[in-house]
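Structures follow.
Next come two complexes built around chain A: one with chain B, the other with chain C.
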Partner chain A sequence: MNLIDFKFLIDNFKKTFTFIYSEFNINSEFNKIRGVDIVKKLVVFVLAVLILTACSSNSTSGNGEYPTKNIEVVAPASPGGGWDLTARSVQKILKDNSLVDNNINVINKPGGGGEVGWSYLHTKDSHYLAVNSSLLLTNHFLGQSKLTYEDFTPLATLATEWQAIAVSVDAPYENINDLFEDIKNDPASIKIGVGPGLGNDDHLSFVQAAGMRDVAAKDLNFLVYDGGGGDVVTALLGNHVNAVTTSLSEVKEQHIAGKLKILAVSSEDRLEELEDVPTLKEEGIDMVFPHWRGIMGPPDMTEEEIKYWDEKLGEMVKSEEWAELLTNNDWDDFYQNSSDTKAFFDEQAELYKDLIGESGLVQ
Partner chain B sequence: MKKLLKVPIKIKILVLIVILIISIIVLLSAMYIVMKLNDDMAKAEELTMQTAKTISYMPALHDYYNSYKLVNTLGNVVNQVKKIDNMEVFFQKRNGMIIASTDDEYTFGELTIEEHEKALIYGSSYVMQTVEEDKKVIKAVAPIMVDYGEYKKVEGAVIVLFEVNHLYEAIWEDIREILKVSVIILFLGIFAGYSLTNSIRKDTLNLEPYEIAAMFRERNAILHSVKEGILSIDEKGMITMVNTSAAQLLTLESGVEGRLVEEVISSEVMIEGLKSCKKQVNVEIQIDEKAIIMNTQPIIEAGKRIGTVASLRDRTEIKRMIDAISEVKQYSDDLRAQSHEFTNKLYAILGLLQLDKKEKAIEFINSEATLLKKEEKIIFTKIKDERVQAILLGKLGQASEKKIDFVIDKESSLEGLPDNLTLSSLIIILGNLISNAFDAVKENALKEVKFFVTDIGDEIIFEIQDNGTGIAEEMTQQLFEKGQSSKGKNRGYGLFNVQVEIESLNGVIEYSSDEHKGTIFTVYLPKEEGSKNGNH
Partner chain C sequence: MEGFVEGLMTAIQPINIIWIVIGGFLGTVVGMLPGLGPATAVAVLIPVTFGMDPTSAIILMAAIYYGAMYGGSRSSILLNTPGDGSAIAATFDGYPMAKKGQAGQAMAISAVASFIGGILATFGFVALAKPLASFALQFGPSEYFLLMLLTLSAIVSLSTGKMIKGFIAMCLGLLLSTIGIDPQTGVHRFTLGMPHLAEGIDFLIVIIGIYAVGEVFYNFLTIYKEKKKQKENQDMGKTWFTKEQWKRSKWPILRSAPLGFIVGVLPGAGGTIASMISYSTEKQLSKKPEEFGKGAVEGLAAPESANNSASVGAMIPLLTMGIPGSGTTAVMLGALIMLGVRPGPMLFENDPVMVWGLINSMFIGNIALVIINVLLVGLLVKVLHTPAKVLYPLIIMLAFIGTYTLSYSTVDFYLLLLFGLIGLVMKVLDFPIAPLVLALIVGTDMEQNFRMALTSSNGSLSIFFSSGISVILMILTVLSLCYPLILKLIKNRKRKEDQTISG
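Here is the complex of A and B:
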């Protein structure tokens, strides 16, 4: 707020105050008659104070000087996972390309399937960001979290992985529909490996696909492997399970090596490096299931701040380092700016709500 | 409405206190209930959730799955969890079947098992508020995640129900405690209100406020109806009350109450009198040509003046009263003198008759008759005004008694006097001047007073001449001043009054005096009010 504005407000404040003061003192005997007037003046006074405070609070955030201190990127997981990798890559690329002058730190806040890190972000100012994924939405729908995606400011969707459903090489299934046929006939007999827990995208994508083939979610016989993708694949290779649902990156190499068979991927189109694997869509299961990761800020970020990150992250995803990162991790570019991400979240929220609703969860 | 106003103050205050206390109690209790309920609900949810989770992790439960599902093992688990207060625990298989529960009485009947699928399918644990068998319950669901070494599998769910009613009961207990204290406070309040009103009644001489108001209005009406002007000020000189008469007397506009006396009253004498700590008696003050007599009564408290009440009377009114009295007195004096005179004459005639001097008696009667006739003839023929006639006749009698030769000049003439010249004015002017002349010749051997009146021209001229000793040189200065008299104490208002009266009629009085020859007073009065300025 500039000086003239401030002076004007102070003057206004003084006037109002003097007026009320005089009303109360000089005309004290007419208080009863002029009560209404005094109430009016009081309202004006309160409004003046409100305007004053509103202006002063604006002045702290509305000066266009953002960021003013270190940027903290929250990775809501232990070091080593996908979220951590995303956070550190963002940190590195933004710094290396001098896109952001301020220091950028990564904070690991593991626990509760992202819940701990996001709760932490919720209390912070706009210099804190956090990496997110579909768990941000599903945690809420599964009753695990009170926070919803609407409690944050979406800044960008960065990249996505695709889901894969794989079976062992000697399994009698030619395609995904054979598998679902078998499950339908005897749900308990088909053991499906998933990890590291239930309710993640690996799990949900399979539930959704099964649902589209009229297989009830509660009939599916999931075995949960704490170790995640790696353990699941090991279990498949050891024939402990009949099928697995996991990230494409976990099974791609084994598929190419002929050690297992990927029945379908959840992408829109067939992937370059796996031309022989059909998409779910091609198999008549009309769904595309990205396992996306993005970045978001705390609630109530200003237009300017959102615009700042739209610029910086937009620049970032065009960099060579980012392209390299995607290739190295079998991620696909999935960049959407803040407003597109907002719309994407709404759409995803509908999807998950339906999905969990179909399995009789949302009453 | 009027009836409502007449409710005794005691009832009003008690009702107010009771309403206040009750509304505070209700409000606070409601707030307490809401806050406590929210708090307790959150706590109960957390506790129920914790219980469900803890049970779902119980090794004994996991043993049941690992050791080929011996019903016995499950029974042990159920017995263990039965001891948890107010909570019912259910064990559910993946397919939704309830395999065991602590709900022996079957209070909750068939559970809404669809609500548990989130746990069974997605392995999430959660708590919700729902309704089972028409009972509001907090339901916590936790999956039984059985560890089979390499992998884990959701084998079922633990459901813990907590009846919300238990919370209500606990809160109701608290409310009962609050109510007990509230009732005590309520009685305290009633007692305090009762004492307060009693104390107020004591201060107000057991009068209800509306009675006080009525008395106050009455007092105001009395003050305003009084003919005397009444004005009161406080210690600072602020006017606190002015009645109608005072406002008229002092020509004050309405709304002077609350202003300083210096601002509205010009007379310094009055302000001084008002602000004095001493009682003022009959102080004469002059305001806008009005003579006012003021009496004050300072209100003294602890040796300090905290206010003054002043009563004001218009002096002109008092003067009018004095005039009326003096008029009556004069007449009675004159009549007495005349009757005395006649009695004397009658005695003289009686004496002559007893001495058998008939001729002498007749001669005396004749001379008296002609003498009277001669003066009376002048009075009745030359002077047409009855009021002047009456005054002169009275004075004739008086002169006769005092053996004064009172002569009405033969050349006198008076056609009639203007209306503004009242009888009392004439009595004051003529009566005083003639009486003074009588007094002046009292000591003389030859007592002679002459009266002349004429209305030729624009003025009426009265002339009273005596052959007394004249006016001493040193007296001339203060001749017309109040209280100046050569006749002794408590006299001397005569010429002062005469002059005031003549001035009020726009007339002039003149005199000429000679040490041994006597004094002549000449009064000039304009005939019409219109010719006011003629003589000045």
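Here is the complex of A and C:
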């Protein structure tokens, strides 16, 4: 906050203070009651604080350089989930490393697979950002949203998880191709656990891999666990499904403990701690499937504003805290700046459009 | 067992005891307030846990969780407005008890029942965590479906006397549960094009709307009529239960603890189902089933014991497999991952001090909570002396705040008012409310599991008889439905025999 700003605030504060005080004095009868004095002071104090905070969040700084007020990061989900985690981590790391001077708040707007939060962002100014993922693209292709990725300003792709296909330890499959072979021979006999809904990355990555082995999407028998990844793993451990497709983090610990078997991961190269698990590519299924998360702003952000975030987020992903966050969550660095992200979105949009057509979810 | 001792040393560190007491108190408070549940409380506290030692963090979060189980029944007893699904059962007999002028006794017995449930379940945790975790895995879609069916049959036993009205309410609840995206096909059902409805109607909004707001509306209608009556009920002096009440509740509490514990272990089942099944079991075992719903003390004590032991049971899948068994444990899982702890099959080996520290903290926590809650009884009873013009606006305010915290959306306010009106109409027409809410809670899962079971058997119904657990659940359901009828039949026959003999 610069000096002119501060002066303005003090003035404002004084004016309000004297105004409220005189108001109270006029009401002399009210004053007679004992104890009201303290209450009065309290009211004045609370009002003053309220006005102060209101001013500080709305005040425009003198030279008009972006950002001029608090930054709000929209997490389009309830507290505790992946999007919320991403938003809060961005908030914390940007603040802790003093990358951004303005206050940063996280707003939770859950509902409709991100739709509610993103619709909210759509109406806001450039001080609002939102966390996103491939659902931003798929919601539209599935006919669940009018908004597309083109209605927003991509700022960065931040991190990715990888997909994993796992089976129970005593399943008769040596590798992923055995599994697809079995599905091809007797589609009805293989149940695949997925969650929390169809059309997500867990589902579509499996559809894509199966398609590359000439297994039609209609031959895939999905059991959809709306509790998500945890439920899917429980189902596999209890042998209620034959295979599961889920985020790697859901099954990694179980694989290491020897409770289930990951057949393949969707990453480019083999992963740390899972040197025994091949990639889909190695198994002859030529695809890499990231389950990415990114951050975007409302439509029509200026060049200058985009540049600001390229710089800040670019520094953020280099921090130690960010590296620690990635390790704790089994995420991989997937940083791309605003222009790369834009190109990446175009490419992803093509892929998802095809996959959703293939999956038979949209007639 | 060396882990046990080490864990005890961790749990009794002063800092951890402070966290236990803070968490327990906080849990009690949020549990009492309609809409603010343990999941919200834990989520709000996530930023606080950032800098904490992971063991202290999980101890704090767990204390909030079971603290809320203690607190949840307070508002059920005093105001007939449960704070969460697992506190619904406490309204059945807790509120009638309060009406009879036994609010203090009701709260005391429910605190003690929660305590016994919690302690027994913690012992169960120590002894049975691993075998139970693998037992829970046996539950597939067909078993879950049958478990939910058993819960629904418990609802039927609630509605004796108003069977048809109970069924109508239940069907309404099941219909409401179909709103939202259908997970199996991705089709939107009854969402009216509103993205907000895509994830269905949160049952907590329905609970707050029908119970809390509906109750306020109803009281508004009758506020002038009931003035005299309230004066008679001013005497709430007793804050401890009588020997007679203890005698009646002793066995129901002890029976419900293991039942709640086992249901709690099943991922997704949780406190609501545990307390419902325990209530209907006790009603059927009781020699005086006609007193249930009219202030039978065991009808309050049993579900209270069950839901607290269920909250302990829910920790088992979380810690042994990294699978959250309830909304609250899901949030806890997220928080733990942020702290660099990954609950899963390796946790007991990698981090025994943390696991055993948590288990020991649960013993201490339950002791702290029973003291906190018994001390609070005297204070809380005063709620009943609060004049209506202060109390009801307060409830409305809390209801709106609680609703907003669910999804930070004002659309929910309209739903809240709508369900408030529905609650009012139901009360005026004397419809039972619990069947609607419970059917809504289990409805979605019941339908999904039924369909998943059929998909996995390629359409054959035989899957519902294919495992031992299914068959047992089926028998229990049939028994719970027919038991009252059989009892009647036997009584009738006896009477006839008596008559023929005497004749």
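Note that the second predicted complex is superposed on the first by the 293 of 363 C-alpha atoms of A that agree within 3 Å, B and C clash if a C-alpha of one lies under 4 Å from a C-alpha of the other, contacts with A are read in each partner's own complex, and residues count from 1 in each chain.
Here is the rule we go by: contacts are C-beta pairs under 8 Å (C-beta built on N, C-alpha and C of every residue); 3 or more make two chains touch, one makes a residue touch a chain.
Keep in mind that what you see is a predicted model, and the values were worked out from it rather than measured.
Per the contact definition in the header, classify A:Thr148: touching chain B only (first), chain C only (second), both, or neither.
A:Thr148 sits against neither chain B nor chain C.
Could you tell me if A:Gly197 is touching chain B, chain C, both of them or neither one (first, second, both, neither)?
In the superposition, A:Gly197 contacts both chain B and chain C.
Contact-wise, after the overlay, does A:Val224 reach chain B, chain C, both or neither (first, second, both, neither)?
both
Applying the touch criterion given at the start, work out whether A:Ile356 contacts chain B, chain C, both or neither, answering first, second, both or neither.
Touch status of A:Ile356: first partner only.
Look at the residues of chain A and decide whether chain B or chain C touches more of them.
C
Using the touch definition from the top, say if A:His240 reaches chain B (first), chain C (second), both or neither.
So A:His240 meets both chain B and chain C here.
Regarding the shared-chain residue A:Ser119, is it in contact with chain B (first), chain C (second), both, or neither?
Touch partner of A:Ser119: chain C, not chain B.
Would you sort A:Val207 into first (chain B), second (chain C), both or neither based on which partner it touches?
In the superposition, A:Val207 contacts chain B only.
Would you sort A:Pro110 into first (chain B), second (chain C), both or neither based on which partner it touches?
The second partner, chain C, only.
Just to be sure I follow: which residues of chain A are touched by chain B in one complex and then by chain C in the other one?
142, 144, 197-199, 221, 223-226, 231, 235, 240, 361
Of all residues in chain C, which touch chain A in the complex?
Of all residues in chain C, those touching chain A are 39, 42-44, 46-47, 50, 136-141, 181, 183-186, 188, 195-196, 198-199, 267-268, 317, 321-324, 330-331, 333-335, 337-340, 342, 344-346, 407-409, 444, 448, 452, 455-456, 458.
Sort out for me which residues of chain A touch chain B in the complex.
142-144, 193, 197-199, 203, 207, 217-218, 220-226, 231, 235, 240, 356, 359-361, 363
Going by the contact rule set out above, which residues of chain A touch chain C in the complex?
On the chain A side, the touching residues are 78-81, 84-85, 88-89, 92, 107-113, 115-116, 119, 142, 144-145, 188, 191, 195-199, 221, 223-227, 230-231, 233-235, 237-238, 240-241, 253-254, 256-257, 259, 324-325, 327-329, 361.
Touching residues of chain B toward chain A in the complex: what are they?
Checking each residue of chain B against chain A gives 94-96, 114-115, 117-118, 120-128, 145, 148, 150-154.
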